[in-house]
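In the two complexes below, subunit A is the common chain; its partner is subunit B in one and subunit C in the other.
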Partner chain A sequence: MTDQTSENFGRREFLSRAGKAGISIAAAGTVSYLLYDNKGPKTGIDTEELVTLPDFSIPYQQGQTISIVKGPDRVETLKKAIELLGGIERFVKPGEIVAIKPNVAFASPPMLGATANPELIAEVVKLCYSRGGAKKVVVTDNPINEPASCFTLSGIGKAASAAGAKVVFPKNHLFKHTTLAGGRLIKNWPIFFGPFEKVDKLIGIAPVKDHHRSGASMTMKNWYGLLGGRRNIFHQDINTIIAELAMMVKPTLVILDGTEVMMTNGPTGGSVSDLRRANTLIASTDCVAADSYGCGLLDLTVPDLPYLAKAEKAGAGTTNYESLKPIFATVG
Partner chain B sequence: MKIVQVRRISQVFFFLMFVWFCIVSTVGDRLWQLRGWPVNWFLQLDPLVAIGTILTTHTLYRAILWALATVILTIIFGRFFCSWVCPFGSVHHFVGFWGNRKKSMPQKVQLNKYRKAQCIKYFVLIFFLVMSAFPSLAATLQTGLLDPIPLITRSFNLVLLPIVDRPVGLASVSERFYVGAWLTLAIFLTAVFLNLAIPRFYCRFICPLGALFAILGRFALWRIGKNQSECIDCKLCEQSCEGGCEPAGSIRISECVLCFNCREDCKEDIISYQRRASLAGEETSPDVSRRGFVLSLVSGILAVPAVRLSNKLGSNWVHKVIRPPGALSEEEFLKRCIKCGQCMRVCPTNVIQPGGIDGGLENLWTPTLNNRIGSSGCQYNCTACGQVCPTSAIRPITLAEKQGHGEFAEAGPIKIGTAFLDRNRCLPWAMDKPCIVCQENCPVSPKAIYTQEVFNTIRADALTVKKATNTTIETVEDNLPLDKFATGDYYCVAEDGERRKIAANTENSIETSPDERFEKIPAQGSKIEIQVRLQRPLIDIEKCIGCGVCEHECPVSGKKAVRVSAEGETRSDDRRLLLKS
Partner chain C sequence: MGSVRRRSKRLESAISICLLVILMVIGVGVFLRQFDYDISRFGIDTAVAPQLEIPFDLGSLAPAGFETLSAGQTYTTENLYEKIDGKAPLYTESGFEKLFTRRFVSKDDESLLMELYVFDMDAAKNAFSVYSVQRRAEAKDLPAFAFAYRTSNAIYLAHGKYYIELVGFSESDELLKAMAEIAKRIRSELAVGDDIEIAELSLFPSENSVPGGIKLYLSNAFGFEGLTDTFTARYKIDGETITAFLSKRVNSNDAQLTAESYYNFLIDNGGVAKPTANKTIKAKAVDFYGTTEIIFVVGPFVSGIHEAENQQAAEKLAEKLISKLGEAAKAVKDD
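Coming up: the complex of A and B.
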């Protein structure tokens, strides 16, 4: 209780209060000084800290860039195709971490062929571990449909885990912004970077599918899964974005599965009647070459897919796969 | 062990079980996912769910039979559920206890005294049950608004879990969103914080389930009471009384929630759980005035016709209310939906959202699809919502039924709505820009979205040929944007109509690829035009199932250029759009 009638007490009280008021004013002044901003808010988009996807490619080896194996059993054709390129040992060294990027875009069962085949994924994972001596294999994608459903329904989640791989789902913190040198569309754009940041090798695995907008979805289009953000707006210029993806991603190896080809109603499919057996599997270190051969399975030619020529022009690979002297084989 | 300790263990056990069921309601086969966990068990134990749906449908759906166990136990033992099982009751119990633990004994006695207003919960119960009691006229099941089990289920699943799980990611890979979750949280928190004013406020004054138990427990074989008529009237038994049932005097059996605190607190061991009636007298019937009874009865009778005056079930139906696949026709749906939110919780894509009152009062918190939220519309290969729905407001359909395969081929797929294309907003239609993301994502085969190829001359003056070969044209004009037409979507058209795809361009030249040679070299001085090749999307209404993935993926992200509305949904024949073939 303050005794207001006592002059002494009132003075002491006043001084104490004045001291506290002084400290409060000093604090308010300091905060104002430290936070003072005479420029106002910045306009435009903040440039995030940019990242660059590492180069996962391996040295060129003449005559061992692309192998094309015919056969009804994709696991057998896969084994053969990799063997013809020098075996998995050429691509994966002991102790390395390998990322596998299958096409897991849709929540659709394997029999419909809208996603990469789970047996194929399992086999590649096994090869990486058993023959390649990989330390760790990661299987990841940023699907269109709900990620957990995509990995479950496609069978890829279970197949990959059973083979010992780690399945990584897209989460916000795994996306980082990038700018592609020489690119027009990929500028300060979020990509699914996290899973690939600290890996040594990258293997892309994609089925051959009809795609109404771009003509075909194969190994190059498969990299669309690395794009984050509102990636759908790139459909306005689909050929350029696919070519830029081929410039941005330098994989160790790509596997194009044409065992069953989605001829119509792609890229979702939805019926087994959309599929046609082509019994072909392609392994290549050059995705442009792989896709240039693969488009034939859809009864298309290289000029039907302008992104192939664009990617070639940008130096991402060659559309003239014949010049690479593909190794042909048949299994079974 | 003391009986109150057993009660506490029971409360903690059932509360943790409830929370566990909330956590595991994610589609998947891991231990912490849905697998076979009976995540609806608390809802099925709830006799208000049972009686409500019995009144509206005259049936008792599957595992809601569990409620019979609750009913039998209540008839024998009294309101055990409130203090031994109910997870919402346990929350109130704990908060009420914690918030008032430092009060003095007389203050506590004051807090826990009986109040006349405790009869409100009976009016709430009567009101809701009357609303559902005349299915042949008009009936709606609205018990879920205040029924404590659906209330706490949706509060945990749609508000608390998404907030807590956001940094963890155990219950969902992607972030979850629920429209209007703030209202659910506000109601939940209000109910919880009211315990600070009066313990178990919700249970004593509002809870319609508690009211139902009070009526069922009238003839309980065992009940709390005094084993002698004389006592020292110390009132200790009323200091922690959870029900506010006056155990010190003539105990009100209908208000007693069997917390056993009075028995624990009585130093003279006068209070016991016994077969005979309390020797100090007891009130078995709820204290409901005739006036209140009539008022709630009349309000309940008038409520449904009053709500239905807005004709939301007739010609004024709300096209934005898109129900999940397998949902019953709206009238039947409203007779079963208890607004528990299980379908919204389990939906892997997060597209099922709590409805708002813009879809009519009865629509509040019922499952409504919002294609702007979630990952990809209603997933084609998914029937999770119907499998989890405890009352079959959404039927447990198979994939074959949903997609119209096998024995359902003749009936065709289940349509939940129809996609409408807004040609004034669609990029290829309105702005001459290629796109067709909607077509790409359409999951049915053959696709419901198909395209029409057109070549449109771009907005620019015609160009004049200065010099040309089979594959290059040099123009007089020198203001072409560099490589703008090199995307593979642009074509060069000569005066005679010959059209060739452009491979590259500079400011004053256009190049076609070698395989796109002009057969007739454009003459010097002739005009050429540049055209863009567009694939314009069109919707095949016979094929569209209304899944909404097109709307979700449409890059026109504000007001989408393709939007689903409920016209054509197969669940109600009177919302049909087309003639039957």
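Coming up: the complex of A and C.
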């Protein structure tokens, strides 16, 4: 045995083979080192790529911050509410591009009140063009359900298009990351930014709804549609995220539709018996004030919705809507 | 000796070639695999809905004159919010497993559209809970089913471990008829096994009870976290609407402790102890901001009356409930 080994595997042969093996290991190691990616796939973005949503608000005008109009016909109450605040001309100037962000969260028919009413959207689009002289009106949202179904079944897509608006569905390239200054939750988070990047004015339109998690869904909660990613994680701290959204989004005008209010089983509802007629429409430049009045339509008070106080504390508006001297009116 | 060496060299060469081939296969495998890594491990949502089995082909439930509209969807706890947003916690905190949905449209009139939601709630109690707490005020019971009602545009039912919604996109008799047809087929074709009995439902006295007035709160009943699996039932007595409640605990000791905790919770939150007028009932009464709370224990049951406007009527109901629970407690003891 020893003889055979010494004959087959002499010292010279051993050194030769050992050398070759060493070279092979070194080569493999070098290649591995060169190919090794110690960073892994990119999961975040660089700070310089963060975006900030523009400020769409208009100068404050005492006594013309909130109007509350009663009446069964939401188109008529809408027209009156805007007129009482100085007309659409105050909010939209000739040649401007306007984005309208309705609540189109669900693939649900208008009858169920889970989404903004299409007649209302159409009327605002028409006003922007006819009285405001807008160059272009964009209607967009990042719904919870599949966008095409939501815009179709809610009737908003058809109504907005018929009124001359461009309907924009969410696409990956339209999302950019943002960090809210002073925010705790909105940090390096994707938002639906593209449609709002180059517009001059922003109008939010939302129905008044019961909401299982937050208590109520109104104009502030409507901005939830701007969040991308796995936004449901924010449901764990719903009051903070709604308050932060109110800090992040500075709209030109918000319209809160309480003509029919989803009193129970929100935010989806499902039965017409979840709705109650309140025949009220609110227009305001202050989301917090609009929602603070709107919560009463759900038989709630301001303390019932902690996000209102949080938003007020953060400077997003006032819960004391009466201090703004609301303009009341009745139509029909 | 030379032939041995040649054989050895050939063997070594063959083994080396085999090893090289294996290494190449591994290398190619690694190369290909890198294009298909698990993105979720890096905290990135794949946004791909999981493929799960469905109880049966929901599409086959299309009633006469209707057809399916687009493919069915399946949701889990991970992505339920994509369908129902803020309402998801109501289900996920009640044992939710999966949701299957399907839309149907009339072949003759595309405005006649409906959506079927089948929530797999894992247990009959869970399904009954989400069914009962969402019950609509204008509900009309469907007597052919154990737990089902309709509104002017929808049908809701609990069937074993499933909670089912049929939502019409318009108010139409034709839609309601079609939805009722689907509901009947679900009842007969969707197997639920033996897990359909909810014993507590029969423990409430039936006299003066409001039809469809029983609800099940799986947690935090009346804002008190110690009250889990709590059934409530509504009654109309002497013109007053009164709510009775009961929760079966592990044993009578546990029931005593829960009752004490709930009593203390009421006192800590502004309640004031008061005597019961009816001395035959062994219970604690609390004046809670002008309403009467009555708490008692019968065997393993914590029970009572919640926020009654009329103490006399409340005690009348408490007496009946104690009697009924006494029979059940005796049966539990006998077992």
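One rule holds for everything that comes next: the second predicted complex is superposed on the first by the 284 of 332 C-alpha atoms of A that agree within 3 Å, B and C clash if a C-alpha of one lies under 4 Å from a C-alpha of the other, contacts with A are read in each partner's own complex, and residues count from 1 in each chain.
What we mean here is this: a residue touches a chain if its C-beta (ideal position, glycine included) is under 8 Å from a C-beta of that chain, and two chains touch if they have at least 3 such contacts.
Bear in mind the structure is a predicted one, so any value in this text is a computation, not a measurement.
The superposition on subunit A brings subunit B into a clash with subunit C. Of the two partner chains placed by the overlay, subunit B and subunit C both lie in contact with A:Phe106. When the two structures are aligned on the shared chain, A:Ile144 is found in touch with subunit B and with subunit C.
With both structures placed on the common chain, the touch criterion links A:His211 to subunit B and to subunit C. In the superposed pair of complexes, A:Phe169 makes contact with subunit B only, with no contact to subunit C.
After overlaying the two complexes on the shared chain, residue contacts for A:Gly229 are found with subunit C alone; subunit B is out of touch.
In the superposed model, A:Tyr307 lies in contact with subunit B only, and not with subunit C. Within the superposed three-chain model, A:Val31 lies out of touch with both subunit B and subunit C [touch as defined at top].
Contacts of A:Pro267 after superposition on the shared chain: both subunit B and subunit C are touched. Looking at the shared chain after the overlay, A:Asp237 reaches subunit B, while subunit C stays out of its contact range.
With chain A used to align the two structures, subunit C clashes with subunit B at 419-427, while the other stretches in 131-139, 293-301, 329-337 or 419-427 stay clear. With the contact threshold set out at the top, residues 106, 108-109, 144-145, 149, 153, 211-213, 230, 232, 235, 238, 264-265, 267-268, 270-271, 273-274 of subunit A are in contact with subunit B in one structure and with subunit C in the other. Listing the residues of subunit C that touch subunit A in their complex gives 1, 4-5, 8, 37, 39, 42-45, 70, 81-90, 113, 134, 136-139, 151-154, 156, 165, 167, 169-171. Listing the residues of subunit A that touch subunit C in their complex gives 4, 7-8, 40-41, 43, 105-106, 108-109, 111-112, 144-145, 149, 153, 211-214, 217, 229-230, 232, 235, 238, 264-268, 270-274.
Of all the residues in subunit A, the ones that touch subunit B in their complex are 106-109, 144-149, 152-153, 169-172, 211-213, 230, 232-233, 235-240, 264-265, 267-271, 273-274, 303, 306-307, 309-310.
Residue ranges on subunit B touching subunit A, taken from their complex, read 26-28, 169, 172-175, 348-350, 374-376, 379-382, 427, 433-437, 439-447, 451, 486-489, 501, 503, 513, 515-516, 535, 549, 553-555, 557.
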